[in-house]
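In what follows, structures are represented as structure tokens.
Shared between the two complexes below is chain A, which pairs with chain B and chain C, respectively.
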Partner chain A sequence: MISRDVSFSVSGIDFPDGVDPLGLWQVEKYRISSFTVDASPLMTESVWRIQLPDTLEEAQNIMQSQQYNIEQQQHYLDIIESQLADYNPKENYNLSFVTDRDSPLATLQSSITEISAWSTAYNTTGANPDYIRLYEQCETFLGRFKDIMSLQRRIETRTGQNLVGLTHIDWKGDYKTIWEKQATPPAMHLHIKSVNLASTSRMVVLRIISTAVSGALSIAIKAAIPGGQILLIPAVYHFVSDMLRELKNIPVHA
Partner chain B sequence: MAENDLRRAVNKFTSDLAAKAESFVNDITTLEVRTFTTPSHEFTALVGDGVDLEAPIDGSHMQLRAYTKINFDCDTTICLPVDANNQVDRSVWDMHQTMVEHALKSRQEMLRSMGDALASALRALQLASE
Partner chain C sequence: MPSLPEELREFFQGKLVFNGINGVTGEYGQPPMPVEQLARLINGNPTHTDFQEFIAHQKHLSSLTKLGQRLEKISDEQLSVLQSADETALAENKFKKHFQEQIKSSPVKPGSGDPAKVQDVGWAVLFPAEMHRTLKERIKEALMPLLDLRQHQAGDKFVIYEGEKGYQPDERKDLFFQRLHIREGAADPNEMPFYVMLVGTPNEIPYRFQYQLDVMRGVGRLDFGNDIESYAQYAQNIVAAETGQYTTPRRAALFGTANPNDKATQLSARYLVDPLYNNLQNATLENNITLTAPWELLPPIVGEDRATKSTLSYILGGHPDLTPALLFTASHGMEFPAGHPYQIPFQGALLCQDWPGPGSDIRRDYYFAGDDIASNAHMHGMIAMLFACYGAGTPQLNQFAMQAFKVREKIAPQSFTATLPQRMLQQGALAVIGHVERAWGYSFISPSGDLDNQAFITALRMLMNGVPVGLATDPSFNLRYAGYSSDLSADLEELRWDPTYLTDYELAHRWTANNDARSYIVLGDPAAKIPLEPFTDRAKESSEMVTIVPPEPIVSPDVESSDTENIPPTEDAADNEGHYNEKQPIKVTQHPSQKEKTSSPTPLPDPLSADEFHVAYGLDDQFNKLRESLRAFTDQLATSLKGAARDIVFLDVETFTADDLEAVSKAINAGQMSTAKMRALTRVAFDGDVQVFIPKQTITIDESVWKIHTAMVEEAQKNRAQFLKTMAELATNLLGSLYIK
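What follows is the complex of A and B.
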């Protein structure tokens, strides 16, 4: 259990659904520093803040636990990708998860059935408000993917009251790191782990979105849904993020 | 009309991503990693959303301690940090090197992600055109 003086937060990223699909980062509103001259609210970077206890051992254990968590999620994503590739919406196919598979799968199948029905009434879809709403959702979704890929990012690490390190990574991937002058090597290692955690989190989120795009394409072909490769993206994204949540909660048996 | 809107959405996504990829390819001919130190009382001025780390701060004691630049052809420029005795400051150098390795790995992953995203978008565009 993470104690009160520990937090992992991110601002400046507009996740689909407004929630981090990894369940690691608390999403905060992008706030303008009082030190800036230009108070433009334009988001040009994402800011990842890691607050750790000032006890070194506790801080190290927490970082290790978060790193393990994200490695596990990458493994779960491998499983979900493989199962999505095999999934055939025209068959009553049971995904071989050891989990409560009814809810996310039933929701996905229901979305597929609904969108399939729209495509058989093609001449009226232009006037269908659900279709229009979904199409707008998809455009927004694709826009967010581009933003997450292109935003600069900044990672700040604190132990107790002390800011230990700050790293800025621009769009090209150039790094700029500022250390507190008296920072000790163990504290500096903590910041490096923070940079690794934030960067890995971003890559995994991009991978989740990419999985949703590929999954939507695969299902659209199998179910023969015109436009399904776009319209199904939000539904497949929800399926992937719901499955990740479920897989994380499965107890590990010895 | 709805089908054209979809095709337009995929087209836009693909062309925006392709433009970004082209800009990225042009920009990634070099990789630069900089390491600075600053006194703790000046550190708080550098945090907060929207602070421009490129803009000089009056009276700042922030010092550039190490710098690495790697060109596309692998020519490398390195500036090593030294302490008051003109000896290499190992703790700063070790951290700097770790960041260089991290930056190289991140760039590889970025290229792979971009490639995967473009491939998916092109497949989707192809399907939308059929």
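What follows is the complex of A and C.
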């Protein structure tokens, strides 16, 4: 449970299905810069903000715990990847630890069946609204994916009221860190952990997307779904995210 | 046959095949011949059979002109005039070869300054003396922005050679020099500037004069005929490039055909283009010029499914994310019989991979010529090198026939400039290096099987470093020409006495290498250079920074040591109140605008056919849009990966401190400058070398900041490695999605 003194938030990007699959980061709506003429958001970078208690020991424990969680989720992702590779929709193969109708697998199977049906029943004289909805979903997915991948990042760490450090990472991976002159070494090391946590979180999300892409491809081939390798990406991503939550049993930040 | 590696033997088995395909017959322009025959012809000792074959070939080509109009026996007197002109050139080549070590460092007279700078070595324009006065004045007026620029740069070393001082018809270079009191030998800019731009057709100022002048100078030619507007446009483009009105990204492309069953292009693809690509990927390579900044090399566009006409159209289409600043091509050039209606517009056109190989008809959509460049194509800032027969132009007479058979063979009604480079210059390119006459194409493999492509490598590397084109060809092709020319002359003399002095292969190699090197010319201003984007080497840019090497490995401190004392301020530049007097403003680098960065690069043509399955099920339009969107994104990802791979050469980690970090954060949010003091910069090279920089004024290094900085360096290194791994996996998966049928 994350306390009131603690928060992990990100602005400037959104996760592909609107929610952090790791269950850690809360998405803040885009900050509007004061100097822009119009109200459109300035989207040159994403900002990852970590608020920690001003008690050093408590802050360190929280960071350690979150780092452990991320490592666990990477391990779960390995499992999900191999299960997806073995999954054959035509054989209704059940993943060993999921059985009920609202399970991630059932949801995925339902999506596969729906998209597969369109390919034999597509109305060529008019637009299929469900298909259009899926198409828009794919477009949104792709747009959010681009942002996560390509925007440069800024990571800020606060302990209590104090901004300890600010690190700017450009798209090449070069780091620029500005420290509060009065910051203590332990507080500075907390910020280094924050940078690690934010960077690893982003990497894991990209890895989830990569898993969704390869999973969609595998399913599309096995189920012989035309266009499935792209159309199934959001559904498989959703499946992977749901599986991670199930495995971790974490609450979802809406 | 000399000893050759096995894989090369197949290329040298049977007859030698030369560059150039006849657009009417679809056959080789120069019929393939055994190396022994070539050796005889080089020596000027054809057998009766050789001559008969030559005449038969001429009859075959003379469908539009009578044989008598194509061939004309040269009298001994005429031959001796030609030979004396050659001897002058030979003398200069011997001089150049003799002083080649000096000339490699500077081709101008010692004390003349930097040959890369127009202000040191001067710039001249040379008009034909007999150019129509009105035309000349109009051309000068059109070129005025360029002439003004060069005059401003060169000062009293700027010269216009025109009228009496212009080039007299059929004048030999040595006589031209004598007339204008210019001494032979190393260029003295006070007598004649180093950079000389010829303005006029090759009828008005012959190619031979250009070759000879080019031996000791940087020479280029501008020939748009009567098209005044093209002269004006070109001048404006050069001025815009030189005055920094635009820059080009460091991107190079290598294009090489490997037509089926065609030895000439199989050889050039495998032993010229591929090795060039491998060489140019390395910024630093022993015995090679070091590249001063990293370049993006597009994957080599070679052979099947890649080196097609449509791909070349794309590359030369001016797409900002694809068009290279430097282009090298290797292919057959098109030939047409003298006077054929296609000769002027299409001779020298690049025969692309679309041609199925010898024995096939030639179709117009197999070769890329001037009018294949779209009128809205922009090649601003490009310099191109075209290895193809007649790629730069065609002389009226065939030099080879003169040497081999002592006949003048008219291969064109008059000498002319090829339309493809002309068009490229009209569409923004700054210069094109190309071949006049046939390119012989065996010159980059020595008889021992070693690669002999250093001339190409040197020229390309110099261009990539922003060296003027007239200078870039100097230590490469000109020096090579000088060397081979003087050696060849001596060899031919020896062979008269001792026929075993050289093997036929050795002779063929030297001769083709000599001809290839001699006949490269520059079209465009010889002082033109690629207007490269500035490369910021941050480690060197600040005059406030010095380099130090850490005295010992730094170990990250134990977090649990719970040292809660405040970091004492360092004593440098602090006033009594502990405030820092020096504020070093920093600007947090803003990434190029979102629109710019995520705009979809135009992808290469999809080599796969349309997905009929999807069309049949009616999912075409929307699915295709989605697929194209994903494809564009994947191309962007690939570009980012390439960029990352290029930029992985260095990883920079900077550490600053600020008195009020909240204020800095707000300033960044508002997109404003902020103040923070840089404390350290670490640059980690890909090979593991580490450089550390601290501000010059720093008297003592703050230990705690230093330790934190080092910890951040480790973090950055881990992050980059992980990022590249993840991106590579992602790209692989995305590509799989795009190309599944």
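Descriptive notes on the structure:
Keep in mind that, in the parts below, the second predicted complex is superposed on the first by the 230 of 254 C-alpha atoms of A that agree within 3 Å, B and C clash if a C-alpha of one lies under 4 Å from a C-alpha of the other, contacts with A are read in each partner's own complex, and residues count from 1 in each chain.
In this text, a residue touches a chain if its C-beta (ideal position, glycine included) is under 8 Å from a C-beta of that chain, and two chains touch if they have at least 3 such contacts.
These figures come from a predicted structure and were not determined experimentally.
Once chain A is used to superpose the two complexes, chain B occupies space that clashes with chain C. In the superposition on chain A, A:199 contacts both chain B and chain C.
With both structures placed on the common chain, the touch criterion links A:69 to neither chain B nor chain C. In the superposition on chain A, no contact is made by A:137 with either chain B or chain C. Of the two partner chains placed by the overlay, chain B and chain C both lie in contact with A:172. After overlaying the two complexes on the shared chain, residue contacts for A:11 are found with chain B alone; chain C is out of touch. Of the two partner chains, chain C is the only one that A:60 touches; chain B does not reach it. After overlaying the two complexes on the shared chain, residue contacts for A:186 are found with chain C alone; chain B is out of touch. Legend: residue contacts after superposition of the two complexes on their common chain; A:151 is shown touching chain C, with no touch to chain B. The superposed model places chain B right into chain C at 649-657; the other stretches listed in 19-27, 217-225, 271-279 or 649-657 stay free of clashes.
Common to the chain B and chain C contact sets on chain A are residues 31, 33-35, 44-45, 122, 131, 135, 138-139, 142, 145-146, 149-150, 156, 163, 166-169, 171-182, 185, 188, 192, 195-196, 199, 203, 206-207, 210, 213-214, 216-217, 220-221, 226-227, 229-231. In the complex of the two chains, the chain A residues touching chain C come out as 31, 33-35, 42-45, 56, 60, 118-120, 122-124, 131-132, 135, 138-139, 142, 145-146, 149-152, 154, 156, 163-186, 188-189, 192, 195-196, 199-200, 203, 206-207, 209-210, 213-214, 216-217, 220-221, 226-227, 229-231, 233.
Taken in their complex, chain A has these residues touching chain B: 11-12, 30-36, 38-40, 44-45, 47, 122, 125-126, 131, 135, 138-139, 142, 145-146, 149-150, 156, 162-163, 166-169, 171-182, 185, 188, 192, 195-196, 199, 203, 206-207, 210, 213-214, 216-217, 220-221, 226-227, 229-231. Remark: chain C residues 557, 559, 561-567, 569, 588-591, 593-594, 597-598, 611, 613-614, 617-619, 622-623, 625-627, 629-630, 633, 636-637, 640, 643-644, 647, 651-662, 664-665, 668-672, 676, 704-705, 707-708, 711-713, 715-716, 718-720, 722-723, 726-727, 729-730, 733-734, 736-737, 740 touch chain A in the complex.
Of all the residues in chain B, the ones that touch chain A in their complex are 1-3, 5-6, 9-10, 13, 16-17, 20, 24, 27-28, 31-40, 43-53, 62, 91-92, 94-96, 98-100, 102-103, 106-107, 109-110, 113-114, 116-117, 120-121, 123-124, 127-128.
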